[in-house]
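Below: the structure, in C-alpha cells.
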Amino acid sequence: MINMSRSISLGKILESRELLYTLLLISVILPIIHPLGIPIAVSARTKAVYDYIENNLKPGCHVYFEIYYEVAARGELEPNVVALTKHLFDKGCKIVYGSLASFGVIVFELMKTTAADVFQGREYGKDYVFLGYVAGGESAAASLAKSIKGTVSVDNYGNRIENLPLMQEVDKATDFDLVIIASSGTDTFAYYVRQWYTPYNVPLLFAALSIIAPSIEPYVGAKQAVGMLVGQRAGAEYETLVGRLGLGMASMDAQSTSHMLVLVFIVIGNVVYWSQRLSSKRGGGK
Amino acid sequence: MSLVIRKYIPQLIVSVIIVLSVTFYYIYINDSIAKGFSTADKALSDWAVIVTSFALIVGGVDILRFHLTKIRREGIRQAPFSTVTIALLIIMVVLATIGWYYSYADPKAGITITTQPQFRWLYSNLYAPADSAMYSILVFYIASASYRAFRVRNPPALLLLVTAVIVMLGNTTIGGLIWPGFLGLRDWIMTVPNTAAFRPITIGAGLGTIILGLRLLTWREISWMGRRD
Amino acid sequence: MISWDILGAWLSAAMVVWIYSFAYRDNLFYKLAEHMFVGAAAGYSIALALDSLNRVMIKPAITTPETFWTTSWHYVVPAILGVLMFAKYSRKYYWLARYAVAVNIAVGTGLALRTVPIANITRQITATIVPLWGSDPVTVLNNWLLVLITIGALTYFLFTIFPRRAEGARPSPLYYVYRTLYYIGIYGMMVGFGALFANTIMTRVGFLISIYLIYLQPQYWATIVAAILAAIAILLPLIRKK
C-alpha cells in the first residue's frame, strides 16, 4: 500500500512536463560531455549493404545519389551519406548527387563541409557532380531517369553539365550501377521505385530515417531495393565498417541514455496507471 | 462558353494527358509511335518541372500576402513580427537575385543563386538551425507521451509495448550490453511482422492512387480547381 | 571586430534555443524566431524555385539559344502556364491558373498510375507468395507469419464487409476464418506500430542530439545567453500576472 502511494506521488511529480523535458535534455547532454564508450555491434542488414557495394561495384562504376532530407535529419542521415560516399570513393566509384527537394542544396553543402576529408583529392566534375535542386517531385524523377542532360543543363554551381567529364559518361537511369536514396520522406522512395526501378530495373539502395523505415520496409521485402540503412544506428555501424567515425558514432551513447530514460518513463507511467486502476477498483468494491 | 474555358477544358486536359500517358506506356504499335510517345512523355515531365517552379514562387508570394493582410488586420501587436517575416523573405530573394545576376555577369566567379555568400550565410545560420529546431521540438512531446499515453490497457497495447521495447533496445548500443540478441530480434521484427503489417498499407496506397486517378479522369475529383465557379 | 562566422554561430544557437523554449511556454523570443524562420523559409523556397527554373530553362535559352529553340522550344508553353498561375489573385481571371495546375496534376497522376499497379500492388502480392512448407523451420515460420499477417491486415483494411451472422444461428466457418484473420491483422499491426513508435523515438532523439552537437555545444556561451533571454521572456509575464 505504501509502495502504491509512493508510485502515485512519483507519478504526480512526473506529471510536470517541464521536468520530463529537462530530464531528457540532461540525458542527451551528459553522455556527450562524458562519453560512455559503449561498443557497437554491426547488424546483419547493414553488413549486407556493405557487402553488396563491396561485391557488386567495380572501380569506375557510376552511382546516383538522391539527397532528400531536411536539415533536422542531418543527425540521422548524414552519417549514412558520408560513410556511403567514403565507401564508394574508396571503391573507385563516381557519384552524381541530385536533389528533388530544395533543402537538399543546404544539406549537401553542410555535408561536404563536415566531410571535407572524404572529398579531399576528389575532383569535382570528374569524380562527383552535384546537379542541385530540380523541382517537380515525381515528374522530375521520371524526367531525370530518361535524360539528366535533357532535364537540367546547368549544375548547382553554374557549370554546363555537358562540359563535365563525369556527365559525358552518364545520362539516363540505366547508366547507373546503383541508385542511393537518402531521404526523410516516404514519397521519395516511392518515386524512385515507380520511376527508376519499375521501368528501368536499376538497383536501389535506401538510407531512411528510422521513423519512416517501417513504412517502406515492404519495398525492401519485395526486393525492389537491394537493402536499407535505417537511421543513425545504421550510420554509426557503417562508420565503423568504413573506418571513419563521425556524427553517427558520437550520438550513440546519448541515444542509449535517452532511450533508457524513455523506458523508465514508460515503466513509471504504467505502474502509476495500474496502481490507480487497481485502487479505484478496490475502492469501488467497498 | 465561358464555363467551357474556365472549367471543362482544364478537366479535358487532365483526362487526355492521363489516358495518353498510361495507354502508350503499355501499348506498343510501332517504333515511330513509341519514339514519339517517349519524346512527348519526356517533354510533359519537363513541363511539370517548370510549372512546379512557378507554383513554389506563387507559394512564397502567398506568404507575403498573408503577412501583409495580418499587419492590416491585427495592427501593432502583430506588425513587428510580420515585418520581420516580410523583410527576411525579401532579403533572401534579393540576395538570390544578386547571385543570379553574377552567374551571368561574371560566370568565372562561380557565384550562383545558391552560392551567393550572404544568401548562403543566411540559410546556413538562420534557416538551417531554425528548421532543425522546428522539426526536432517534437522530441519533448514524445518523451511526455511515453509517460502519459503509452499504457497497457489491453492485450494489443501490451504487444505494442513489448515490440517497442525490443526495437528500442535493438536500436541502441546499451541494448547490446543487456543482451546481444536484441539487435537480431529488432531486424527480425522489422523484416517479418512489420513488413507484413505495412504491406497492406502499401497496397492500399496503390489502390488509393488508382482510385484518385480514375476520379480525376472521370471529372469527379475537382478540388484541384480551387474556388468554385 | 566580430567575424561573420561567430555572428552566424551565435544566431544559430539563439534560433535553436528560442524555438525550443516553446516546449516550456510560448514567449516573445519564440515568436520572433518563428517569424524569422517563416520569412527565411519562404524566401529560400522562392530562390530555389528560381534556381531550378534558371538551370532547366532560362540559362539554356540565353547561353545556347540555337540548341534551345530547336530542341526545347516547347518550354515556352509551361513558362506561359506558370506565369498564368499568378492569375489566381484576380477575381475575374482566377481560372487561368487552372491550366497550369491541370498539366501538373495530370502529368503526376499519369506517371504514378502507370507504375503503381506494378510497384505497389503486383510486386507486393508476389512477394507474399512464399513457400509454406520446407526443411528450414525458421524460414517456414517466418513465411507463415508473413502471409497470415499480410492477409490479416488486408482483411482489416480492405475486406471490410464482415460475413453476416443470422440471429440465433451458429456462425458459419467463414465467419470464424474472417474473425481470426481480422485479429491476426490487428495484432500484426500492433507489432508494426510498436516498431514505428520505437523508431520515432530514435529519430526525434537523433534530431535533438545532432542539434546539440552541431549548433549548441560549439557555442555554449551563445546557448546560455539565449536561454537566459528566453527564460526572462517566459517568466516576466508570469510574474506580472501574479
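The chains carry the letters A, B and C, assigned in the order they are written, with residues numbered from 1 in each.
Going forward, a residue touches a chain if its C-beta (ideal position, glycine included) is under 8 Å from a C-beta of that chain, and two chains touch if they have at least 3 such contacts.
The structure presented is a predicted model; accordingly, all values stated were derived computationally and were not measured.
K.L.:
Line, ring, star, complete or other: which one describes how these chains touch?
P.N.:
complete
K.L.:
When A-C is set beside B-C, which has more C-beta pairs in contact?
P.N.:
B-C
K.L.:
Per the centroid of Cα atoms for each chain, what is the distance between chain A and chain B, given in Å?
P.N.:
Once rounded, the distance between the two centres reads 17 Å.
K.L.:
From the mean C-alpha coordinate of chain A to that of chain C, what's the distance rounded to whole Å?
P.N.:
14
K.L.:
Would you kindly tell me how far, in whole Å, the mean C-alpha position of chain C lies from that of chain B?
P.N.:
6
K.L.:
Which residue numbers or ranges of chain C touch two or more of the other chains?
P.N.:
23, 44-45, 48-49, 51-54, 56, 59, 104, 107-108, 111-112, 116, 119-120, 124, 127, 192, 195, 199-202, 204-205, 207-208, 210-211, 214
K.L.:
Going by the touch rule set out above, which residues of chain B reach two or more other chains?
P.N.:
44-46, 48-49, 52-53, 56, 103, 112, 114, 123-124, 127-129, 131-136, 139-140, 142, 146, 150, 161, 165, 168, 171, 190, 194-195, 198-199, 201-202, 205
K.L.:
Please output the residue numbers of chain A that touch at least 2 other chains, ranges allowed.
P.N.:
Only 21, 24, 72-74, 102, 105, 132-135, 137, 139, 142, 151, 190, 210, 213-215, 218-219, 221, 230-231, 233, 255, 259, 262 qualify.
K.L.:
Tell me, which parts of chain A touch chain B in their complex?
P.N.:
Interface residues on the chain A side: 14, 17, 20-21, 23-24, 38-41, 43-45, 70-74, 102-103, 105-106, 109-110, 132-137, 139-140, 142-143, 146-147, 150-151, 156-158, 190, 210, 213-215, 217-221, 230-231, 233, 252-253, 255-257, 259-263, 265-266, 268-270, 273-274.
K.L.:
Write out the stretch or stretches of chain C touching chain B in their complex.
P.N.:
4, 7-9, 11-13, 15-16, 19-20, 22-23, 31-33, 35-54, 56-57, 59, 62, 72, 74-75, 77-79, 81-83, 85-86, 88-89, 94-95, 97-114, 116-117, 119-121, 124-125, 127-128, 142, 145-150, 153-154, 156-158, 185-195, 197-202, 204-205, 207-208, 210-211, 214-215
K.L.:
Quick check on the complex: what are the chain A residues that touch chain C?
P.N.:
My answer: residues 18, 21, 24, 28-29, 32, 72-76, 78, 102, 105, 132-135, 137-139, 142, 151-155, 160, 190, 193-195, 197-199, 209-211, 213-215, 218-219, 221-224, 230-233, 247, 250-251, 254-255, 258-259, 262.
K.L.:
Which residues of chain B touch chain C in the complex?
P.N.:
5-7, 9-11, 13-18, 20-22, 25-26, 43-61, 63-65, 81-82, 84-93, 95-97, 100, 103-104, 112-114, 119, 121-142, 146, 150, 156-157, 159-168, 171, 188-190, 192-207, 209-210, 212-213, 216, 224-227, 229
K.L.:
Considering only the defined contacts, which chain B positions touch chain A in the complex?
P.N.:
38, 41-42, 44-46, 48-49, 52-53, 56, 103, 107, 110-112, 114-115, 120, 123-124, 127-129, 131-136, 139-140, 142-144, 146-148, 150-152, 161, 165, 168-169, 171-177, 180, 183-184, 186-187, 190-191, 194-195, 198-199, 201-202, 205
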